[in-house]
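The structures come next, written out as structure tokens.
After this come two complexes, each holding chain A, first together with chain B and then together with chain C.
And now, the complex of A and B:
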């Protein structure tokens, strides 16, 4: 029934419409001004130190899981108070110069309303004579440092106009994405029901997007295989939902997209991943609270409202799923999660679940459900799980 | 030098020979015994019987038999035991031949007080056949002596003298000549002149292997541009190879250990590779002649001590101790006897085992002067360094010649030279040159005390990489020389020094002293490189800092230049403190 409603809207969406972007533009202009201001401020401090014949320094938050805290209230990883001070000395003069040149590049990009991917930035540096980078990993590190430096004022890498090279996941379902042209403001209405057997691909920046949807929930799926199955059987129609493929550990833009969609449209997010330590502690954890070494921006790039639908360790028992034994790396990862990961340490049900998994010594993939028939996942598993949402893991 | 070797080395060789000869006899007999049994299967059980049965009958002819066997045993022995003499394989045969020739030449020159000028020529006749010529400027050889020196192996009067040489294999040049004869059928050729006023003699000899006597093939007087000296030429089956066992390596090392000698080396195919290599002498002093010494009492074994008491001509213990040992005065002898509670007047032959043991312990408990040092001729630290400088292109050299020490009553002395950096390969294990009494040791590196001493030194403290239990890795060449009246080799082949703790300790101390000096050099160089790198860093990257700031803050060019000069000043100031 709900499906018919959306279908009725369709003709309207075919006509192109221009939205007033002044709001968005004003907000962007404000952010840009802040970005420029911050870059200038940092440079000014360095400059004045130099004029005083003092050794200038730059202070960065330490980026590592050790310097991360988690509180259930906030719902995401937060970077701690540890700072590293990079004082300009003979040994640091190179990376100091590179940091400043990278900030200069960012300023230029903001001023010209342009952007650069990580790789673009690396190649840009080839013009910097002695300050050029030899490897992209070096430029990525400097970029992450700058990002962390500015994250104290809630600036993300995207606002610095650096975007990741990787593209986001795929989307299908009862959703219309409104994507305004950066210059004209002309809005492209993208109907995610109309990709046939294909899907909408999440762009690398999602801040400008807005959404229209009547879906009841978002289903974030780990593997392309299961996504493909649900998509080709139009599961989004039967279940009234939006399907998002994570394709492994979700990229920043995928996380941001799900977060924005969920926030803007007030719909819940359910994760459907493999039942193994990787699926739980890497894919789901990163989706929900952010990644350890980019904790400075988890605030934006995570989905705290996400809940874990399955496959749970208990599902292995309940659905008598075929399993594989846990490999040594799996066991290590699971133990590490229990011991060191602030997220799992804060959630009792998760500790129980992981311990159960370790005790069973096995893992099961999403696709293991195919044992009971190829469409068992659509006909039985998901509907049954969705009836007991209270039992989803946090 | 000659005397000390002459006194002590031949025993080992004689032993080797005796053992080999003993081994050769039954071999000669075997074929006979084997002819009797019809089937090979039946041979084994019958053999003892077959050997025992003819004995009573053969007894009268045993003398003749023994004589005959002896006559053929020379070539028999030689053919079967080449490896004992250093002719294991064609490439080692070439090396041994060169070694024997060069050792002879150096010895002859030194004995006559002449600065050696030795020329080594190797010519390739075919892939497996070479001709080796060694020419010196020594005193020459009197015509009558020539056949004896070069033409007989076991019975020659010169044989002992030749073994007294620094020769590694000790068997002498005649063995090389015999090897040549056996493998090519060509005689050994000798040209020699003792006096510029007299003509040179040219002889060609073969060894009559049956009689073990020289047979002269050619005997003539001839013209020679050399006023004095000897040239020996041998044609032999051989192989010319590179590497650490090569003739090239030998020549290089012998010149390092004999800085008073000039060595000219003409390798095979010299015309292709560009003529001869000259290793010039770096000093004009012939090493002092060393004298024979008596054993030092420290380290003498009880059994040997008892034997000495039995054999001595002295009438009492005191004079035996004084006369048969070095460094024992009558006072020291008295002290020893007092400590052992044995009368100084006691007849040595009446000393019981228990008393000998007491004396033995008393000797160890008594302070006795270290053995005289003039029995050892070190190369000398300064000369080692000069030789290294002439031979190896490096950035740093260090050397040390330690004081003489004693192991088992034998004085010995360790010398070490180090060359570091320059053209030496930095990523490979260091080169270790081992010497015993100025003779390079090229085989059995792993079994040698020198290798042990080098590997067990902590090279990490001296700024080299050091894999555990191996020689260090780095741009270093280290030479270790042990000079002693008696170098303890691990076997008769004299290729590795035995692991005496006293010796290894001395080696290590010497190595450490050089290592410390080298480490100071390496650290200083590292520091300088670091400084230079820092300076380069400052010059390279400060402008980039300034450009970055200029870009962000929109500074003028003069403003930017102020940044550069300020920052340079700040960093240079911090660099110096």
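And now, the complex of A and C:
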């Protein structure tokens, strides 16, 4: 244990990567202006159509797997060119009005520097008289359409001030998060080395954040148990890194946080998840390239620079890990990935790895490394893997 | 919005409640010594029985609903006097050995100042030769038995250094958490007013923490959406409080954190959850009195001092909230609570409230308040409710 007995010190300032705060402010103000402009334009078009006694319409990208492509160059799922047109008729009058009101709500939120969750927006509509939503699924669909529309101009739903209901994951390590106060603009400096055994909990929206760090990589971890072990033993100190707990399939804000941190500070992202089809094709694939039926989000929310540290099928052999047999659902998921998933189809090493897993017929959890000692993961596994980064799966 | 425009300031020191750190250290050391003593004693008894050629046995409290009582005085579910005896025979030799090895692992963890999750412990056993567990359910059962045994001497599983796999919830507000470094003992001061739009993420185990606060109450919140709203608008500043996000049914460490904070600093706990049978009988009841089939935990993990701020069935009427009809599962859950749950059977006001809900046939989410404006919850609902604390449900 002696090797891990190191006191917390501040990140060295020598090679610290910093962001200019006034730049960030200006960029955020620009995005807000663009958002307001787009909303006003859409409303104006509708208004002038009505004045001309023409039927107004709104055009949205089609959100479905059929209208998705995997861009090897960009590294994420992209939404295609198919559009659907919503014309104002007797039948569409309600959803047409709802779409306009929802965009109006967004305008209000940007102007007041406030935000709303999907659920908030649904309940807000209860005061929209005849335009109120009866079910949240209806308001979610309208919000998704608007989101897809704005994504074409590189604006995310968070920019529209619609934020997710769920929280983000936990963060610890060599990172200072800069978060400007929403009222005063005063910047809070949050030092993620100073949380003791606890951690920094990522807010629902992260667009306003900037970062200072001298970390060499971000380690994205599937389970809370492994995150707590690495955090309590200050693994981030010895390995010069930032730990992020994914807690299963990462939430929007966790993915966006990792992406933004990695982009802004130019640091690589390594994923450390269970070796099973769920860890590989749900957790890792969603983190890296996004998910098929939400391709309009991928440009913001995926982390194309992520690489797969482990646990790999070969690790099961090399580290003689305790395993469980693959369940039917695992086998189905793995075969689906090989056959239908554009990401896995584009990467030979992944096809080999998944085929190896299917052939072995077993899966292994990251905590299986505890067979060799609770801190084997810190003392042996991670250092060995990190010496061979070129071999990480894509 | 002007009312909420207040800059972050440090908690006033005047009425700050603090804990003596050396006291805390001494208490923790005492608990560790007691844990080791109990493990050694159990092992010695077995050893001397064997030397006397007698059959050794281990005695555990029975963990089942039949062996549970609701103590109105204590305010939580208590485990009864029924015991089960595990005698060493040909049939029990494996589980007997496993129980001893598991206690041995706990002894090692206390001595090395380390910890293991349930899953870690399971994988550790893969190196115990014939005593290894084949399934994690087996090792969980053995751990639960040991936990029940030690609970009789007021030692929690965390004291045995077995920690949960899941993380805790998020915290923001007028609170400083003191967390001693596990190696150096140096104390980290974590100021929960200084996390911008983010929050403090509660670690898996909180026994080592102490607190400084001048907050007037703890607000335990069901949904991430409402937590983010109150946090982003610094509601904790205007209301002098601490916000805790439960994120559904609170994890062990979240419940323990709230309990310890409330006990140590003598501040009341108010729960703010959805008005439906799940929010009332699962989330709130579990927070307040524990859960029936884990009664041996309740003494540590429930928060008997918690009171129910809302959303109440009467709030649905008073605030004209948008509702959803109760589903069959809601009705079943509510009727179960009235008929079988010792907690609700002990509290008339709750019986009336649940009967009112059943009669109305509807439920309402806490975010339904957004009908009256996104910040209605901050500007109107919470202030009004807090003026009538005596009327909070028990």
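General remarks:
As a working rule, the second predicted complex is superposed on the first by the 358 of 394 C-alpha atoms of A that agree within 3 Å, B and C clash if a C-alpha of one lies under 4 Å from a C-alpha of the other, contacts with A are read in each partner's own complex, and residues count from 1 in each chain.
Here is the rule we use: a contact is a pair of C-beta atoms (placed from the backbone, for glycine too) under 8 Å apart; a residue touches a chain by one contact, two chains touch by 3 or more.
Predicted model, so just to flag it, every value in this text is computed and none were measured.
The wider contact with chain A, measured as residues touched, comes from C rather than the other of chain B and chain C. In the superposed model, A:84 lies in contact with neither chain B nor chain C. Of the two partner chains, chain C is the only one that A:179 touches; chain B does not reach it. After overlaying the two complexes on the shared chain, residue contacts for A:208 are found with chain C alone; chain B is out of touch.
Shared-chain residue A:100: touches chain B; no touch with chain C. In the superposed model, A:123 makes contact with chain C only, not with chain B.
Note: no residue of chain A belongs to the chain B contact set and to the chain C contact set alike, using the contact criterion stated above. Only residues 1, 4-8, 112, 114-117, 119-120, 123-124, 126-127, 163-167, 170, 177, 179-184, 186, 188, 190, 194-205, 208-209, 223-225, 227-229, 231-232, 245, 247, 322, 365, 367-372, 374-375 of chain C touch chain A when the two sit together in their complex.
Considering their complex, residues 534, 537-538, 540-545, 547-549, 551-553, 555, 562-563, 566-567, 569-571, 574-575 of chain B touch chain A.
The touching residues of chain A, counted against chain B in their complex, run 39-40, 43-44, 46-47, 50-51, 53-55, 88-91, 93-94, 96-101, 103-104, 107-108, 128-131.
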